[in-house]
Amino acid sequence: SLRKMASFRGQKLEQVVQQLEGFAPISLAEKWDNVGLLIEPTSNKLVQRILLTNDLTEPVMGEALDKKVDLIISYHPPIFRPLTRITQSNWKERVVASCLLNSVALYSPHTAWDKVVGGVNDWLSKAVDIKGIKPLVPEAGAEPGTGSGRLVDTNMSIAQLVQDLQKHIEQSVHVAYAVEHHGNTQLRTVGICAGSGGSLLRGVQADVVITGEMSHHEILDFNHNGTTVLLCNHSNSERGYLKEFKTLLSDRLEGACELFISEKDKDPLQTL
Amino acid sequence: SLRKMASFRGQKLEQVVQQLEGFAPISLAEKWDNVGLLIEPTSNKLVQRILLTNDLTEPVMGEALDKKVDLIISYHPPIFRPLTRITQSNWKERVVASCLLNSVALYSPHTAWDKVVGGVNDWLSKAVDIKGIKPLVPEAGAEPGTGSGRLVDTNMSIAQLVQDLQKHIEQSVHVAYAVEHHGNTQLRTVGICAGSGGSLLRGVQADVVITGEMSHHEILDFNHNGTTVLLCNHSNSERGYLKEFKTLLSDRLEGACELFISEKDKDPLQTL
Amino acid sequence: SLRKMASFRGQKLEQVVQQLEGFAPISLAEKWDNVGLLIEPTSNKLVQRILLTNDLTEPVMGEALDKKVDLIISYHPPIFRPLTRITQSNWKERVVASCLLNSVALYSPHTAWDKVVGGVNDWLSKAVDIKGIKPLVPEAGAEPGTGSGRLVDTNMSIAQLVQDLQKHIEQSVHVAYAVEHHGNTQLRTVGICAGSGGSLLRGVQADVVITGEMSHHEILDFNHNGTTVLLCNHSNSERGYLKEFKTLLSDRLEGACELFISEKDKDPLQTL
Amino acid sequence: SLRKMASFRGQKLEQVVQQLEGFAPISLAEKWDNVGLLIEPTSNKLVQRILLTNDLTEPVMGEALDKKVDLIISYHPPIFRPLTRITQSNWKERVVASCLLNSVALYSPHTAWDKVVGGVNDWLSKAVDIKGIKPLVPEAGAEPGTGSGRLVDTNMSIAQLVQDLQKHIEQSVHVAYAVEHHGNTQLRTVGICAGSGGSLLRGVQADVVITGEMSHHEILDFNHNGTTVLLCNHSNSERGYLKEFKTLLSDRLEGACELFISEKDKDPLQTL
Amino acid sequence: SLRKMASFRGQKLEQVVQQLEGFAPISLAEKWDNVGLLIEPTSNKLVQRILLTNDLTEPVMGEALDKKVDLIISYHPPIFRPLTRITQSNWKERVVASCLLNSVALYSPHTAWDKVVGGVNDWLSKAVDIKGIKPLVPEAGAEPGTGSGRLVDTNMSIAQLVQDLQKHIEQSVHVAYAVEHHGNTQLRTVGICAGSGGSLLRGVQADVVITGEMSHHEILDFNHNGTTVLLCNHSNSERGYLKEFKTLLSDRLEGACELFISEKDKDPLQTL
Amino acid sequence: SLRKMASFRGQKLEQVVQQLEGFAPISLAEKWDNVGLLIEPTSNKLVQRILLTNDLTEPVMGEALDKKVDLIISYHPPIFRPLTRITQSNWKERVVASCLLNSVALYSPHTAWDKVVGGVNDWLSKAVDIKGIKPLVPEAGAEPGTGSGRLVDTNMSIAQLVQDLQKHIEQSVHVAYAVEHHGNTQLRTVGICAGSGGSLLRGVQADVVITGEMSHHEILDFNHNGTTVLLCNHSNSERGYLKEFKTLLSDRLEGACELFISEKDKDPLQTL
């Protein structure tokens, strides 16, 4: 309703970005990544309404326009391969054109959120009964606990972990047992990497690894090296974090903006 | 039993290889692939017993020794990244060492079987109600119908295709609907690529694509381009072909060898 | 005036683009170039007013908004280095954002116009008393006369050519005489390349070359190889063509759109 | 006259080179550059007469032979692209052959002179009313003030700077105003790079940059970033330094050699 | 005889390898090299008999089987270019297959032995009357004396050195005199590199260099730079070390294994 | 004597070069090679005396000056790695400087002579009892018989071939027998490559290969593949051709120039 929309005083885009980078500096992101403020339609833009999403698909873009938001925070960057033109012939160009045409700003944190303390990987780790936790690749010169992936110490069975993980992500889980493992195998260490963890987790010595997706040949390598693999589907290993982040951002903005989590955003895959 | 083992007269390895390449010449395989006779323990080896498998994992290797086979035909090549040593510290090196130590030969067809008429992709296509079929990338200078992937004309609903595919591969299927699609959407064209089809299928104009595995970002691209994606899990999109091939090879060898399909070979993933 | 603006019925952007490519197909452009429709704000856009410019600078962008044009045709592509973001921190990103925010389409022909018969190089050649003319690098499979650069046969003195060139481009000219040349030297052949001709003209055997800009070391090479160099400044070797093109496009569009040549567009350099 | 030629006692080439490198060590030069003693016709060569030039063109080579010099110091290295042969078919090979055939040595300082304190860039900076000066890229481990380019603090109008620059180089100047600049704009900082400054000056925050030559697209980038560009023509931004250097070298050699500045050396371009 | 074979109690392969790496750690080897345990047929292999060879040719492989050895130590690694298959069509693959089929392990030290104190280069240096010795390229962080090649101080004539070298390697020597050298030239420094020393020795200032083989154009460069070249043939510059190593290894293994030096291993070249 | 020197009328360098390229066009040479007229001190040079050599070493350069030759024809190009300077600090630069200072021209044919009919490889093949001969790599579009290397059909023993080869090159020969070969082995095919033949001869199926030099590991590969290797030393496999060429060139020049074969040119290696 108009009344409700009027009740948020808003913040300058520049200040919202400052809060976002205060939480997770873009200097944390991987070199190959494309993060931060990706679309800034005008100078001095005022932000009253913000939509949080994992992927900025066209249904989510439609929702953003319906909700009249001023800023979209999309975990995955909609511009990744650099653009040589912005036309109606390709969904990513259409999304970019639509943002600008409707004066909607766009911010993507991606691997900065993966590494930050209290970010995506720390959220995913909560599926495990944590006895100890540290990054797989600690970030030099950053706050302790910052870095890529997580290595968690625990003491639980595979069957229990699978059940807890299903509950945590509110989705089904795909399991590939190590050659000698079964449901009752007791675990001591769990490697964690939200998203597509095949290359980051390669060579990690852990009883189980949890990630979003991994190729067949990578799975066989883990299983023959004593490691059971749990897959959540790519975005199901990330999306649940948005709820935590909404609270966090709301606090940082001191209620100046209205925040929404997308209702259209979901993992594309369902198992039949 | 010894009596049964004695009843197959066997063939020279060289002649078995000749039959395998008579069916699917290794010149068909992709340039980056490593196919054909990969392990030949001695000259003039006699082959009486043959094991067929999709992946030569260590449980399958154990089965091969139990069954006292002379030759393993593994669809995926166990040697892919070239070897600088052959030790006990890595499962692929252990498998190679075990073959040689036990004088078991090894043959891998991989992409030669993907392209050949009557091969893996033709088998996978049988899940569809075929009105017409041709390769996605026809092989220059080869028998018509040869080439990478398949493009199938059909006339059925997505719901029906999913049901038929589940039945054909005898496994569950993962579905990602195109932005405008639903179960009742009527299909005209289906792109097929056994295994990991993301790069081959890129840019193909089809209502549905069927493959083994595909990354999240590739799926989103297909879904926004009007294409529903059906995933079987990598090896479930390939393994069912072994039954067809067993009959085919038995005919070519005129009963000289005893043929087995591995009982230990299965896709590592299960959905819980 | 509003009355006048209403008097042009307009054309669909798609059809204007069809006329532009009917004259100079984008397939003519160099592989490294970025040409054609670069910004398409919405589907089915109607074009009533069009601005022609050599360079889409910010003053020209301001003029476009003042003139309320629907389409800018900028000879040089404003997007050349691919974009990873579109913000207010860089003039090229600001121009792109401004086009989209104001729903202005953008088309750039660049090297397609350089090669086409009746394009930029044919226009620049008119400064010479032409006895014969052909492309420096003919385009395979295209209409005769199409290709990169021009080689013109003539019979005039250097002094006369300099005078005629000044008149043709309506600007001053920079001269670097070949080691043995002077004003009265009689010319037989002239190499032409609008813009920055150093690499295309390298090795061309001509008495004079005309281009927009060329580096010091390239000039010395020409001068020691018997070739006098005439420089117009980069955009002065191109801009005069817009007048010819305006007439040509007006005919093709049968008066459906109002056409303007930018009044703000000019070469940045002036000699004091 | 012969009498005059006999009056200089000369120095061993080795010692002259020692003085040249004592002033500007070749270790200062850029990695991609080719500097120092480039032609040494014989061991123990005696040097009585030296010619200084900016570019060793063929007219300058003729002058060197007329003046019977033993050593040419050419700011730009005549050998840059490495030689696979030395014949009469190319002007640079002819110059090299002529040096050796006539036993003339050749030395080129190039970027070592650009960086050294009291070198080419310090000379060019004298066109500005200097309130402060430092290198754009300081040279690690060298005397303070050494490095590539210069950044000068000043307080003068653009019009005044243009006038002073014309006087300093004794040549006309090409001006490209920043989008918001005009003749009366007051300047605080000036970036300096003798020769071709486009890549070194990229990204420098200055009100004006002075260099020899710069491409059209680079100029537009500076002008949109708040920087006016002044161009002198490549060699006119360098040549005036030879007068200063002649005095400097004469002192170092304590009058042992006769020094000439070339009368044939001049910038190839003139504006008509 | 069987009795003799029974008299060595043997060692676990793992422990033999530990002794080999205790003497010359594989971390010493060059990055491009392939050293260490290259073939390990089974876990927990027992080693009673060991064959030492410079090159593992097929005649040497035959000898290994005749002598029923459990481990071959071949200075040159038989697997260098990585293997994509192991068949009977190529001598290196046949050697690898034969090792595995017969359960013979294989270890290659190569450049680890070149660098270690008391290794191949120290052995070759003994041909010189040593007044002082140090590595050409010292190994950072290793025991003093470790590194690539050797530089030896001496005081002897070339004729004397040639005679001593012939005696030390028990083979003929090829001599290429420096431009100013002859048999009576007195030497002060000798560069040493067993094997193929052209690239390691390049630029070394020494009166003589000793190596196994060197190309014609490299020899001319040394001879014009004041350096006489002595060539032993590649493997003759290395093979004599095996005798020293046999004693050394026997001590380390405390007599647990029987050691042989190959009788079939010899340099392929003979001069007629 | 001066009288004799006066008795040759000479030829323009341009015409001598025309005769050299009439025999072996430089277009025959390999892409990586540097052949043809490498030093041309002046235009219109007259050539009365010519020195032929395999390698232009400094002793040979001294001989050229003593003999007052106008042109040196050196089979190997003295300029191979391109030159960035020409000083007294390096033997190849000293040779180039000396040629120019003394106005001596330089021509190198190298791989053009290797391929031409009647060139270096045809000369080396004469050591074999030739029953048939063809190039290893025929040159497309050239006279039959032109190309790289030679493959000779014959019928003789290895012992006989070694003896004939020693006689033909007037030098000793190095022999590496194939695994199954000995002196009495009867030969049918011989691969020939003057100079360094390792890469050209790789994979050639021949009973023997003859070349100048080859590395240890290449020799082992040939020996295990059924091929005996005969090495002559690099320049001894080439130098004998100069005698044939002297007659050939003398005829082409119709006695206009005096021709010498260097007396200082010899292979650097001698076996002791």
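Chains here go by letter, A, B, C, D, E and F, matching the order in which they are written, and residues are numbered from 1 within each.
Here is the rule we go by: a residue touches a chain if its C-beta (ideal position, glycine included) is under 8 Å from a C-beta of that chain, and two chains touch if they have at least 3 such contacts.
These numbers come from a predicted model, not from an experiment.
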Shortest chain-hopping distance from chain B out to chain F: 2
If you check the contacts of chain C and chain D, which chains show up for both? none
Interface composition of copies chain B and chain E: same or different, split at half: same
Of all the other chains, whose mean CA position lies farthest from chain D? B
Rounded to the nearest 5 degrees, the rotation mapping the CA atoms of chain B onto those of chain C is 120
Between B-E, A-C or E-F, which shows the same interface as C-D, counting it as a repeat when over half of the contact pairs match? E-F
Round to the nearest whole Å and give the separation of the Cα centres of chain A and chain F. 68
Centre-of-Cα separation between chain D and chain A, whole angstrom: 56
Can you give the whole-Å distance between the Cα centres of chain A and chain B? 35
If you look at chain D, which of its residues touch at least two other chains? none
Does the chain-touch network form a line, ring, star, complete graph or other? ring
Ring order from chain E, via chain F next? E, F, D, C, A, B
Note: in the complex, chain C contacts chain D through residues 55, 57-59, 76, 91, 162, 166, 172-177, 179, 195-196, 212-213, 215-217, 219-221, 223-225, 229, 231, 233-235, 267-272
Give the list of chain F residues in touch with chain D in this complex. 34, 36-43, 79, 82-89, 96-97, 100-101, 103
